[in-house]
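These notes open a run of structures that come right after.
Look at the two complexes coming up: chain A is in both, with chain B in one and chain C in the other.
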Partner chain A sequence: MLGIIASLIDGVLVGLVYGLAAMGLTLIWGVMDVINLTHGTMIVGGMFALYLLATALGMPPYLTLPPVLIGGFVVGVALYWVAVHRMIGRPPLMSLLSTFAVNLMLIGIGTGLWGTALFNVSVSLPGLSIGRYTFPGAHILAAALAALIAGLLYLFLHKTRLGKALRAVANNREAAELVGIPTTKLLAIAVGCGVALAGVSGMLIGTLFPFTVLSGDGYQLKSFVVTVLGGFGNPVGALMGGVALGLLEGAVTPFVPVSWTLVIEFALFVLVLIAFPNGIFARRGAL
Partner chain B sequence: MDSPITPQAMETVMIRRPSVRGAAIITRPFFWLITLVVAIFIVTPAIGNNVELRESLLLAAVYITLASNLNLMLGYAGYINFGSIVFFGLGGYICVWLVNSYDWPLWLALLAAGVGVSALSFIFGIGILRLRGPFFALSTIGIVEGVQAFVQNFTPWGGSSGIYISPAVFAPLGGPARALWVVYFALVAVMGLSLYLSYAIKTSKFGLGLLAIGQNEDAAAILGVPTPRYKALAYSASAFLPAIVGGLYFFKGAFIQPSDAFDLTLSTEAIVICMLGGQGTVTGVALGAYLYEELRGYLLTSETFSHFQLVVAGALLLLIVLFFPGGLMGFIYSRFPRTQRLLE
Partner chain C sequence: MNRLCLLAAAATLFAAPAFAQDDTITIGMTNSLTGPLNVDSLGLQRGEEYWRDEVNAAGGIKAGGKSYKVKFVTYDDQSVGGRVQQLYTRLVNQDHAQFLFSPYSSGLTAAAAVISEQYGKIMIDAGGAEKKPFLLGNKYLFMVITQADDYLAGAIKALAQKNPHARVAMVYSDDPFSKTVLAAAKGQAKDAGLDVVMDESYAPSTTDFGPIVNKIISSNADAFLGGGHYSDGATLARQMYDQRANMKWISILVAPGDDKFAELGGAALGVTVPSQWEPQVSYKPDFGPTTAEFAKGFEAKFHAKADYHAASGYASGAILQHAIEQAQSIEPEKVVAALNATDVTTFFGRVKFSTDPASHGLQVAHQMVLAQWQKSDDKLVRQVVWPQQAASAPLIYPISASQ
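So, the complex of A and B:
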């Protein structure tokens, strides 16, 4: 019994990081109705940035967070201009295809450079022991950082002028344009923020689990599940969805082989989508 | 997410009729064009027993089959299926398993693979096709993950190590060397069937309904197109022939394992081919498949590009989506409007 509780708590810790990843996906979706299929690869990008900065340059793992955040933003803005800008206002099929195409190129370059070998960044932090169970320090710190960044995003969206403008664009792009908001610039910023969040969550996941160039698919699917649980275009809901997914994983892992976890999550994804086409905590158009 | 139903949209749905409806399919020039292509595929490698040409045409036939069946969903109904490889892989597994473990004759195993996968995808389709647009696309990614996890844990199919076929099963076909030719001709036949099917559906009422769904699903539903049933039918139909091709392909290789059977590269390439040739056209997709196969052959032999095949495919897809959404046929149609009457 205690084992299950420990597993659930650990699930919540990891779930917060999944929630952060999903926030990146849902932010882009909420602002411009584009599903970013490079999301998984951007998460892997964060992992590899961590690996290169920490291993090759010898930086302390958690200090790589600011460069990953900034780098992710720059990559995201570039992604907007390459693949998304021309797709605004065209059928959703087209933006799916264009981000899918960029993803192919990134995956191709990644496997060309690193193959599919397993990489690992070791972080040694003292764990927190409760009774017989020890929660790894890396999990606790990653969850805390994820919650902190999510909180900062909330403050950014609700308290700053730029964040409010972003929400205005999400709510009604034409009206936002009419009151003088430079919408194109804001769309680029939204993609930048979304990719930066994906990168940072990837960096945090990289301190928890080993990874390969192709790890992104699984995490991308998790992000979709979280997004659906949390409601499309609702970043705060995404964090709750992440915790819900973490709880589910914590409850399922002791009983089911690991390779089935993704299948169960996917089944949940389809069932929730059929029952609640807009997600459980739907709040469309307001961010 | 869908654009609101404007009178123009309704009009587009209504006037977009295939030009030759009503006439018996066999009297149309396009039918004979397909037959000509099939004949070329059969005759050219058979002359002088040209094995090298046969292998390259075999791959082209696989591409044409996969892409033109994907086109039923992508080009006609406007639904992206990122996981069309599932049909191919599952078909391969069912066929190889029946032939190897139960000594079924090849043709019966192929039929079972086609019917089985088609029925399965009809059931799946009823569920996931309730999701519209991008959500459907996302769930097709999940289906690949799900099926792969299932196969990797399914012991009768050898789990992650797969199934080896013993050479004895080639005996009824006249030994391994002759079996390769038999498999090739069967593949070309399936390719021909795919093209006929694409064409027949496009000129039928069913196809008209699918095209209407692709243009504006709400408008189509209002005009009386039974959208859920049509979508599930199209999804199921697009599974039948790829499953058979999968069976033939892995029977020929005499070995199947999950990472080959569900290799996402192949379903990705099918999407690239559809967009390259022109989504929704029969000719374009066949042409795109052939061109892509040639390009791929070049890339694999070139030193610089052999490791970056995905990068090239991605770049190609991006350029098409950004600048030539109509693909090859879109370009030909706009340059030579008359070809629209002949080439579907």
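So, the complex of A and C:
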């Protein structure tokens, strides 16, 4: 019984980080209906930024969060101008292809620079134990930071002038332009925020697990599942979707062979798509 | 006159490559330059390249009164099985490769073996340890490494000696190689009287092993055998350490065989890995360089230490060279006969192939060693701990004794 409770707690901790990773993807989708296929690679970017800053420059791992956030924002704005801007208003397949192309280039550059060798950032924090089960301190802190960042994003979107303008653009771009909101600038900011969130989630994941240049694929796939569970274009829903996915993984693993976990996850993914085509907590255009 | 000049130029153009072709052996292969198998494949590739450069520097392979220089034709298979068959067909038909080296991994090697057999090309396999392709009646496929069935045999013997009542959790990647290794290990563990309390596979794309580690703890296991390839094996080791699974014994496939595994710090300490070769093991070679010569030359060339992938890559070339020199010919049937008769010890160990039609080409002589990450002068190093006669350091059991 204790093992099941431990797995559920583990699921919630990791689920919060999955949720944060998916928030970047769903934010961009919510504002401009663009599926960013560089998402997984941007998560890996956060991991490598953590590794380089913590290992090469000797920064404490958690102090790398602000530079990763800022760097991610800058990279996101650049991504908007390179791969997204000209695709706005075109069929969704165009932006899908353009971000896919950029993703392939980034993976190629990453593989050329680092190969697919393994990188690890050791974080030593006291954990919490219940009986024989231990919750590593890094997991607890990553989950707390993910929840904090999600809360700050909520406040940014609902309480600041810029956030409200972003929501207005997501709601009705033409109407937003008519009232004087510089929509192009805001679209670039939205991609910047989305990539910054992906980078920060990557940085947090990097404190939990070893990683390679190709680690992003798994997290991108999870982000899609989380986005569907949480509702397309709904960042807060994404956090709930992440927790739901983590809980599902935690709840299923003690009872079935672990190789079935993915099958069950994706069966649920398909079922949710059939029952709720826009996701469970869909609030299209309202962020 | 102009026509004559043109004819002469054309004749020169066509004649020169034909002449070069006579004294060159073309060996084709794919490497995983990109994709998840990149790290292991790179070691194999470097070993093969080092052998080629050494042979060419020594004047080439000598057979039938000629000296053949070795030329490689390689492609990136992107770690994808679907690419392998296309590329090996191209290597045979367009690049006119006379011999083939296998790609890295059992899955990719099985795919490539279909093509090598179809075209009657000898393929030396140093990248795939699964025996299934060797049970299909293939005539041109030869494995220089120990087959997957025997990967964990040494680990189980060593564990049974330290703790005859060990409770073993087997958790491994859902891929052909890992499944074959662990299926055989399960039987060996039961034969040794060990109690297998958990036997499960996970999807190769698994990123978080937290719930799996909790399940291992719940199973009351005190020994762990499993893993698969690079990323998953390292993540498993780190999460078992972070979640204080308190295993007394951990054997993980492949990942701990790479020097970068030491980056895991405390999580690497005490972890054992079955290895095809380690620099501490010194066989007395009948053919080719000694272990020290190979390790030193490799490090000088690539500024990296040789691992077992690199050693097996070099060995695949050395064994082909040995067979050609024994056959005194590069004709496939003569080289096949020489390979069938091969029983030679190189720095990599003894190599002999099965000539039984039911398992033709399977490796029957080469032996694995068991290496363990231990502390030496405050640094993490891999020591050979099994078999005892080849050990460079005593086996540390339980793992907590090495902390």
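Heads up, the rule we're going with is that the second predicted complex is superposed on the first by the 273 of 287 C-alpha atoms of A that agree within 3 Å, B and C clash if a C-alpha of one lies under 4 Å from a C-alpha of the other, contacts with A are read in each partner's own complex, and residues count from 1 in each chain.
Note that a contact is a pair of C-beta atoms (placed from the backbone, for glycine too) under 8 Å apart; a residue touches a chain by one contact, two chains touch by 3 or more.
Since we're looking at a predicted model, the values are computed, not measured.
Considered on the superposed chain A, chain B and chain C are sterically incompatible, since they clash. Of the two partner chains placed by the overlay, only chain B lies in contact with A:Ala83; chain C stays clear of it.
Look at A:Val270: by the touch rule set out above, it reaches chain B but stays clear of chain C. Contact with chain C, but none with chain B, is seen for A:Phe119 once the two complexes are overlaid on the shared chain.
Legend: residue contacts after superposition of the two complexes on their common chain; A:Gly108 is shown touching both chain B and chain C.
Once the two complexes are overlaid on the shared chain, A:Leu262 sits against chain B and chain C alike. Of the two partner chains placed by superposition, A:Thr160 touches none, neither chain B nor chain C. By the touch criterion defined above, A:Asp33 lies against chain B but remains apart from chain C after alignment on the C-alpha atoms of chain A.
In the overlay built on the shared chain, the residue A:Ser7 is in contact with chain C alone; chain B does not reach it. Within the superposed three-chain model, A:Leu221 lies in touch with chain B and with chain C [touch as defined at top]. In the superposition on chain A, chain A positions 108, 111, 217-218, 221, 257, 259, 262 are in contact with chain B in one complex as well as with chain C in the other.
Taken in their complex, chain A has these residues touching chain C: 3, 6-7, 10-11, 13-14, 108, 111, 115-120, 122, 127, 129, 132-136, 138-139, 208-212, 214-215, 217-219, 221-222, 249-250, 253-254, 257-259, 261-262. Residues of chain B that touch chain A in their complex: 1, 78, 80, 82, 127-128, 130-131, 133-135, 137-139, 141-143, 145-146, 149-150, 152-153, 268, 271, 275, 307-315, 317-318, 321-322, 325. Across the interface of their complex, chain A is touched by residues 33-39, 42, 171, 174, 200-203, 205-208, 210-212, 214-215, 217-218, 230-231, 234-235, 238-239, 242-244, 246, 255, 258, 260-261, 263-267 of chain C.
Interface residues of chain A, counted against chain B in their complex, comprise 33, 35, 82-83, 86-87, 91-94, 96-98, 100-109, 111-112, 217-218, 220-221, 224, 257, 259-260, 262-263, 266-267, 269-270, 273-274, 277.
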